[in-house]
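Heads up, there are several structures right after this.
After this come two complexes, each holding chain A, first together with chain B and then together with chain C.
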Partner chain A sequence: MTDIAAAAAVPQISPAADARLMLAAAARWRWWEFAVWIAALAAIVVFPRNLLLLNEIAILALFALSLDLILGFAGIVSLGHAAFFGVGAYAAGLLGKFGYGDPFLGLAAAAAVAAVLGFATSFLLLRGSDLTRLMVTLGIALMLLELANREAWLTGGADGLQGVTIGPVLGLFDFDLSGRTAYLYSLGVLFVLFLLARRIIHSPFGLSLRAVKQNPLRARAIGISVAVRLVAIYTLSAAFAGVAGALSAQTTQYVSLEVFDFIRSADVMLVLVLGGVGYLYGGIFGALIFKLMQDYLSAITPQYWQFWIGLVLVILVLAGRERIGAQLTRLFAPLLRWRRA
Partner chain B sequence: MAELLGLDHVAAGYGLATVLNDISLSLADGRSLALLGRNGAGKTTLVNTIVGVTTMKGGAIRLGGRDITRLRPEQRAHAGIGWVPQERNIFKSLTVEENMTAVARPGPWTVARVYDMFPRLRERRRNMGNQLSGGEQQMLAVGRALVLNPRLILLDEPTEGLAPIIVDELLGALKRIIWDEGVSAIIVEQNAQKILSVTDDAVILDRGLVVYAGPSAALAADRDALETHFGVAGRAGGRGAA
Partner chain C sequence: MQGSALLLRMRGLQRLNEVSTSKIPKEPASRMVTILFDGIAYGMLLFILACGLSVTLGLMNFVNLAHGAFALAGGYITATLMNRAGFSFFLCLPIAFLFSALIGVALERTLYRHLYDRSHLDQVLFTIGIVFMTVSAVDYTMGSGQQMINIPTVLRGRIDLLGGSIGVYRLFIIVICGLLTLLLQLALVRTRFGSRLRAAVDDPRVARGLGVNVNLVFAVTFAIGSGLAGLGGALGAEVLGMDPTFPVKFMIYFLIVVTVGGASSITGAFFASLLLGIADVAGKYYVPKAGAFIIYAIMVLVLIWRPQGLFVKGATR
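Right after this comes the complex of A and B.
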């Protein structure tokens, strides 16, 4: 018993304190991350005529980031993520229509409504295989689409929600036709939510999510509450998607039934696959690639632009991202060596 | 000494198959137990049953006087059961440190203390789980169970497949954990010679039943029992044996 007493006499040290340094090191910003955000900000000056497109990219990036939280870090596949984008868009749009046009109020309402929907539906995903999850998420989005279509008195139905009026950001910056305010606003919201996601992913909670993704049965047996974590991250992801929907509604001042469309859910999955799953920046890079390709290719071949996006996707999957990444690393190796020197 | 773990007439298995028929045993707080037996005797199933990943068919399991029979695996882990599974179950996409941080709970065992116990892990702290040798993976599996700050640690064939020098190092660490730190443990082993010198008591399973229960030192000295159950009269020196 003396041994036990000796063990008990050891001061109770929180493992969080012990792990804080490691997590801080893992969460340290890398040079290219600074470059990404500086480039995003500099785009206002460099591409002043493309700010509306940039705004779309920022919104799609946030939407893809929300999917990355569940797909990339918890292994939850979804073909109905547009459900949360849609309820967020309608929440912010309806507030704007009925006189509550403060942008941040709209964002908060959208996040709350989407989070409630995400929390309620997350329990449907705790059991079953990936196929079950795909069907359940798809089904929820389809139900909401039909619900929005049927309740035309509220949503505008097939004509879309019109008369949305959004006030100036911080009471100072009106949404202008050039898209300058819209882009800065969307980029700012994307950045704040990205910081939050980054913080979560580099926390013990984030690490345990990755363990759950790798093997939920194994994770349970070593003390990780799988169900609690899946519900939590799904709810958070839904809130992020809701905010993306709200940004779309606020910056276009219009919401159509397409916000719930299956194509939107499929597109965001494609964006994430293009950019890479499970490292947070996949959504941003994927949105950039997807939107630029869409913009460029649709100008050349308006009817067949999706063919080329499909082709890129097939090449990416067949060649393997790791192999392409290794080639790029080799290409930029002299630059990296020079920087280290 | 107060009972830490108690099994009353436990019957368990996988799906419709029953592997354990009627197991009753008790482990006092601060004691260690070697769980021995041939292949297929039910050793791993017994450990898995305590962890909660088998199908209970009867009986009850208590931990510190609390009935944990109906608790889920993660709830049992939170109640104080640490598990080092046979296949180690290292998360390959996490680093050594992340594997431990993901599950760590408040208590005397911290990641830093695990590094003191296994300095090799400190050197490899930034390596991914799939970059570790078998011995390093086993050390990490033990460390990960310790940072959960369990009241009882279950080790399923911890020396399996390891080089002799690594086995010695690991057994040395297990002795320190059990003897010096007072952590209660159940260690599954096929090789009685290796483990009887580490544990206080021993249980031999055969076809899902307990066929021997007694002090490790007594079993180590009992050539007949070793011959009967393992076919070898090893030179096992039980803990506390002269």
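Right after this comes the complex of A and C.
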């Protein structure tokens, strides 16, 4: 009798509520996440001479974050992610060139154009294997490169888009030579979009994406519509990449054909893999490592630093990316649990 | 700016040697013959360069983006031997084959074979790493300029054939590559090694159970594929241009040959190469502004329409 009464007294947790609790627990901010963002902000004071480099890191981090959304959370391997970066860069650059230099207008336009392109091309990725996807994404980026090269009256062709003028951020802060405004601006945009990505990843939608990634057939069998999710995340990822491109165009006030280059798509994949795939911070850490490595190595051998990047890639794959990731996690696990204790 | 994606490269802008624009006759009919002929030569060359990839990628399902590195090795060893040691061009061709085949088998035994059963992402990352390293290393040791290969005087000049004017060297390429293609097809279909390879690709476990040394078969296949790429690099240096960024420039072309041709046979890759070669040469001549764009667009469309490739009958794999 008393047992039953006791059982009745404990509030029953429904499966739905249970899932909500689980999602909330996963979405809770860890202490090290605060540390990352505080460090990013503190960098302005600590490294006042390297703000341009920091700005590049922030932009690359956003670009890699956008790739993480599709690669890390939906399992789409893309060799042409530069397509969206480039489209965004040209959208913002052209707006700036033709007198609409408001930074946020440029960002919005870039996100919109890239999202449209992402939406349109996402349907091409629903069929076929990894290989087909690789080829299709690569093909689209190359087509855009061809197009940008050919339509030189609009894009400036091989000379790049020149004469881009960007107004002050919020009408108050001009882009200065030190890169202070640029870095703060890029960091701010990165932070906002990161929050958005984080919210999405820890939503039921984000969970269902992981199911799709792990086993599309089974996901379909339990009633998740795979195609809709892939289209949605691909479009979102394209918009993010477009914003990264816009940031690059606005802060450097220049767009070159290289934005569509295969090397850029390959680099961003490398960045993401360096930082780790599938936990959102991979792009940020990867961009930091990559840019510092590039900075350091190209100071030693200006032309040949790519050799060392290649070597890192080869070693990383041979040693096993997952294994290294697991080792690191185990190494830092006590630290990460520190707050809960 | 006429041009293609291939023009714009990692460092500096370098022009591809135009595949065939010189000495094209004026009147339409003979012009067409010349273009067709140049296209076929170009396509044959692409086939020899890419057929190794069609085995590793198509049959063994290994995404090797570094295939062009073997062609690079072949082209560079030929240029070095000819220019510095005075070797004859004809002697250099088999050397290029052997050199690239050796590099291929060494890499396969030490590195590549660990990656056969890894994810495609890992394979892509690994082979991109190899490409980066190759490009930088070759640039560092040999300089970033074009490698010049002086083809022997016997192969220079042009002859008139079917009303068109045809380069002797292109005829030479067609003959060599045609013979190699026949040889390959026969080897694959008629020989014991060919049937072992087909069995190993079809189902490695069962093949192993039947006593086929699958590792050996794969290694030999890989070596032959790399060797052919090296030979293609040596033959093609004159036509395609040979500089350190070659593996990046032509990566997409090799991939097109394999994916459009389909994975099931080398005949598919052969037809895809011919189609690509003719389309590319004709495109560059007739619509110079749209050339490469059209090729990429067609590739994407074909992949959407038939993800298994154009020349596959009832694909199941």
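Worth a mention:
Heads up, the rule we're going with is that the second predicted complex is superposed on the first by the 301 of 341 C-alpha atoms of A that agree within 3 Å, B and C clash if a C-alpha of one lies under 4 Å from a C-alpha of the other, contacts with A are read in each partner's own complex, and residues count from 1 in each chain.
In this section, contacts are C-beta pairs under 8 Å (C-beta built on N, C-alpha and C of every residue); 3 or more make two chains touch, one makes a residue touch a chain.
Everything numeric in this text was worked out from a predicted model, so none of it was measured.
By the document's definition of touching, of the two partners only chain C reaches A:L270; chain B does not.
By the touch criterion defined above, A:S178 lies against neither chain B nor chain C after alignment on the C-alpha atoms of chain A. When the two structures are aligned on the shared chain, A:A211 is found in touch with chain B, with no touch to chain C. Once the two complexes are laid over each other on the shared chain, residue contacts for A:T165 go to neither chain B nor chain C. Once chain A of one complex is fitted onto chain A of the other, the partner contacts of A:A221 are limited to chain B, with no touch recorded for chain C. Shared interface residues of chain A (contacting chain B in one complex, chain C in the other): none.
The part of chain C that touches chain A in the complex is made up of residues 1, 3-5, 7-8, 10-11, 13, 57, 63, 111, 114-115, 118, 120-122, 124-126, 128-137, 139-140, 144, 248, 251-252, 255-256, 259, 289-290, 292-293, 296-297, 299-300, 303-304, 307. Taken in their complex, chain B has these residues touching chain A: 1, 29-30, 51-53, 72-74, 77-78, 82-83, 85, 89, 91-94, 97-108, 110-112, 125, 144-145, 147-148, 179-183. Across the complex, chain B is touched by residues 1, 3-8, 10-16, 18-19, 22-23, 26, 204, 207-208, 210-211, 213-215, 217-218, 220-226 of chain A. Residues 71, 77, 79, 124, 127-132, 134-136, 138-140, 142-143, 145-147, 149-150, 152, 157-158, 257-258, 260-263, 266, 269-270, 273, 303-307, 309-314, 316-318, 321 of chain A are the ones touching chain C in the complex.
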